[in-house]
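What follows is subunit A paired twice: with subunit B in the first complex and subunit C in the second.
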Partner chain A sequence: MIKRTLQYGFIISIGFPVVFLLVLSLGRRWAYPNILPEQISFANWEFLQQSDSKLFQAFFVSLGISLCVAVFVTALGFVISKFIAYSQRRNTFLVLAYIPYLLSPVIMAIIFQYYFIITGLTGTFLGVIIAQFLVAFPFGIIIYLNFWNAQLKSMEELSYTLGGSRWQTYKKVLLPLSKNALMLCFFQVFLISWFEYGLTNLIGSGKIRTLTVSVFNFVTEANIFYAALACFLLILPPMLLLYINKRFILFVEKTEL
Partner chain B sequence: MSQFLTIQHLYKTFGKETVLQDINLTLDKNTVLSLLGSSGSGKTTLLKIIAGIETADKGNIFLEGNNISDQKPQERHIVYLYQEALLFPHLNAFENIAFGLRLQKMNESLITEKVHLMLKNIEMTKHAKKMPPQLSGGQKQRISFGRAMIIEPKLLLLDEPFGALDASTRSKMQELFKTLAHNMNLSALFVTHDLKEAIVMGDQIGKIQKGQLVQYETKNEFFNDAFSGVQKEIDFWKSIGQNT
Partner chain C sequence: MKKLYNIKSFSTLLFLIIVVLPVFCGLVYATLYSFEIVGIINSGFTTKHWEDIIQGSAFWSSIGFSFYVAICSVVISLIFALAMALSWKKNLQKGALSTAIYLPLCFPGTVMAFFMFQFLSKSGFLSRLGFASGVLEDINSFPALINDAYGIGIIITSVVLITPFFVILFSNIYHTENIEAYKELATTFGASKRQLLQKVTLPILLKKSSVTIYLFIIFVMGSYEIPLLLGRQSPQMISVATVQKIQRFNLYDIPKGFAMSILYVLIIMSVLLFLYFRNRDYFKSETTK
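Coming up: the complex of A and B.
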């Protein structure tokens, strides 16, 4: 009973803001004390698409950047973290991995900017991806470091003595055992990239308009209906990832029994 | 009997600590050599070097006359078994045993046939579908043996495989291993810190202490060596007998 109440509480706490933002983005003439808006229409949606803000294009730009950053960090972080975890200088690398978070991504962006201007990457899609990758990659390393342990190393060595090549060992032992770590890294890095504002704004220099940048613009304009629409689009992918992640983890737990 | 495994002048240091010092060892085909040694004596390092998952600083290893010192572990046909069963947690008992055969991309029907035969040999047929957490310590160790032996390795290296088992299960596993070793003509190095187990399991006995190895020609030579600990053990049991 308590478990079910908590589950419903969790669903409502997540579902309510989504529904509220959706209604706010569709509503017109919603004045106090009405519980619901007097009119529901897609006018805000249509206006934003026709205007210069191109909200849906921003949505897909954000999606493209976040997916690229998440995929690269998840894949490269997996391989490189293994070498770091088993290295004698593991702790030194771990300290280095925390530097972007001690300095904050915006400071990192200011440091990067000079090099990005020289290489012509400022204001480009690729430039934003590289900048976000440089900040998110150490985070991926931190996530993976605890995954590599003595038992996993022994299993890897066992696979070699049973005749497995490096590739076979990755495919048949390490990757199946790391499903949860991979999902966690992908999910976390996607979120970091998706909600990234300062670094994206600086390196994108106004030419790369991601959804997060658009939301901040609407909020500063004090346009709550447009901001609600942008926020609604902003929280959709994380919600979807949360749902997939939960289903996947539950599925893994069931099959392990 | 032909000399199957030969180790010559093997050295290994970790930092300033010398773990193995001028190790020389020979093993005949189809025999089991028990290596007796306390914790930190270097026996695990020696097995890992033979398996190819650790490198020696100096020395040579010959298997069937071929120098395998620089070969990758995958090419040596030597399986190293840890104290823990280390079953792959995402595979059931059947798939754990089939693992090595699948790496060889063997025909599916042949895999099924071989795995069922191995399950029968290790008396685990009814547990084939179980996942590792559903198996007891002894059952896991049986599956681990099955997984190693099904690929018919040239040499089996066992690093205190029964160390984590209770006395009764340990005794059963010793019997099972002896039967399998005999039936499958296994050549093996069996590491243990238990004197009785070393005597029971090995056709020959060696003792490793502070990185140096003494290999006894016969079991009698081992029994008669004042430093083997056998006489001490005998005296202890005699004193128990006299006091009761």
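Coming up: the complex of A and C.
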């Protein structure tokens, strides 16, 4: 009985932040000691009908950046990781990939920043995509390195022995077998990019307003209701992903894909 | 065959260009700037900024504070995660809990930090509840959990974000490592419940997840958004302290910021190499075993 009560309590406490942010995003005026905002309305959400609103634009800027980064890392990482995985120096490459993966993205942004300035990429959409790509690519390699194994290599070699070309082997053998790995990489990288703040703010020079950047801007402006709304928009895609398949939300090193 | 060799070489080259070259070039520029060889204020080679950083207390107190926050967050998370993974092991495999445990993973650090700020600050939701129920006399009676000197708000937020990850990890290891069978074997040899936990379950779970635990300590040490929103000016976590040095209006702080970032990168690289040589099996895959 106690165990079940604790579990229900735990599930409710997990769901509480979502409800809290939703209520706050609908609110206006929240003076102390009121428990709930004095006004609850959909006024803050009207941005959905205004294409020139900051939040509307921030949502699509975030979506565009995250999709671009996820597509590039998934595609390029898939091809490059295969050669890295079967290389004799695989472990050296893996350790090299772990360095940017472990470093805080904002520290990476500090050491990259000069090159982005001299190439005129700071404060641009492309600059943020490239910077996020440089941070997310090693992570993509680490995801794929768990995937390539001796069995896959044997199947690939079998395809060549049976007369399959390189293109046919990729199309008919490797890609169908890699569906889960590709989707995991795509969604994980999408989430990394979607959640990113420090690097985006530094390389974007505050000009590229993603949702995470908007949250901090609204907090600085003391507009907690819009900040709550931006937060709610930030957790929507991951929650949708959770609904589709919870396994895409989480990546643990050294697990079967 | 030659074509395959070319693709391999090209892929390796591309990997090095994307992964190694930017970090290397960035570190070279940061090093030159920190010695005042390049940059706006360059006045010839000087080790002044490095001396300030190494001999001063700002960098080391930031590293120390980051390490303290990371250790506290990970240890508290491990305790909660082990308790949940072991007592709710069946429910974590199927049912509402098995999906609900993934929900906190949908929260980026920014969102969780904002939620905690609105929940735990002096004017936050918890304080309002306390006032309404008569527990608190006024707003100042509520303890300072946000922007506090001990990083309590940062630790609580990190714990909430990390714990579900460890619960899922331990739950998976428990089943893939077939710990139940080891426990049955130990029981037939007369092991008590406490011995099962201390000698069988915990050693297997912690040993199998050891590298992941170390990696999480590094991740928490480098976290930026949470301490930026919930931390205070002093002590600061290393990422926040470094960015602040770089972005200050005082140009003489920029070389110090670069020196701090180089030292931080060197520390992380040393820890990574240490982990690699201590846990070579972890970095091996089926293709190389």
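Just so it is clear, the second predicted complex is superposed on the first by the 197 of 257 C-alpha atoms of A that agree within 3 Å, B and C clash if a C-alpha of one lies under 4 Å from a C-alpha of the other, contacts with A are read in each partner's own complex, and residues count from 1 in each chain.
Quick note on the criterion: a residue touches a chain if its C-beta (ideal position, glycine included) is under 8 Å from a C-beta of that chain, and two chains touch if they have at least 3 such contacts.
Computed from a predicted model, the values in this text were never measured in an experiment.
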Considering only the touch criterion stated at the top, classify A:Pro238 as touching first (subunit B), second (subunit C), both, or neither.
second
Report for A:Val219: first if it touches subunit B alone, second if subunit C alone, otherwise both or neither.
second
With the two complexes superposed on chain A, say which partner A:Val106 touches: subunit B (first), subunit C (second), both, or neither.
second
Looking at A:Lys3, would you say it contacts subunit B, subunit C, both, or neither? Reply first, second, both or neither.
second
In the overlay, answer first, second, both or neither for which of subunit B and subunit C A:Leu158 touches.
first
Based on the superposed arrangement, let me know which partner A:Phe125 touches: subunit B (first), subunit C (second), both, or neither?
neither
Would you check which partner chain A:Phe47 touches, where first means subunit B only, second means subunit C only, and both and neither mean what they say?
neither
In the superposed model, which partner reaches more residues of subunit A, subunit B or subunit C?
C
If you lay the two complexes on top of each other, which residues of subunit A touch subunit B in one and subunit C in the other?
151
Touching subunit C in the complex, subunit A uses residues 3, 7, 10-11, 14-15, 17-18, 20-21, 24, 32-35, 76, 79-80, 82-87, 90-91, 93-100, 102-108, 110-115, 133-134, 137-138, 141, 145-146, 148-151, 153, 194-195, 197-198, 202, 212, 215-216, 219, 224, 227-228, 231, 234-235, 238-239, 241-242, 246, 249-250, 252-255
Listed in rising order, the residues of subunit A that touch subunit B in the complex are 151, 154-155, 157-165, 168, 172-173, 176-177, 256-257
Show which residues of subunit B lie in contact with subunit A when the two form their complex.
48, 51-53, 72-74, 76-80, 82, 84, 86, 88-90, 99-100, 102-104, 131, 133, 147-148, 151
Residues of subunit C touching subunit A in their complex?
7-8, 11-12, 14-16, 18-20, 22-23, 25-27, 29-30, 33, 84, 87-88, 91, 96-97, 99-112, 114-115, 117-119, 123, 125, 127-129, 131-132, 139, 164-165, 168-169, 172, 211-212, 215, 218-219, 222-225, 228-229, 238-239, 242-243, 246, 257-258, 261, 264-265, 268-269, 272-273, 276, 280, 282-288
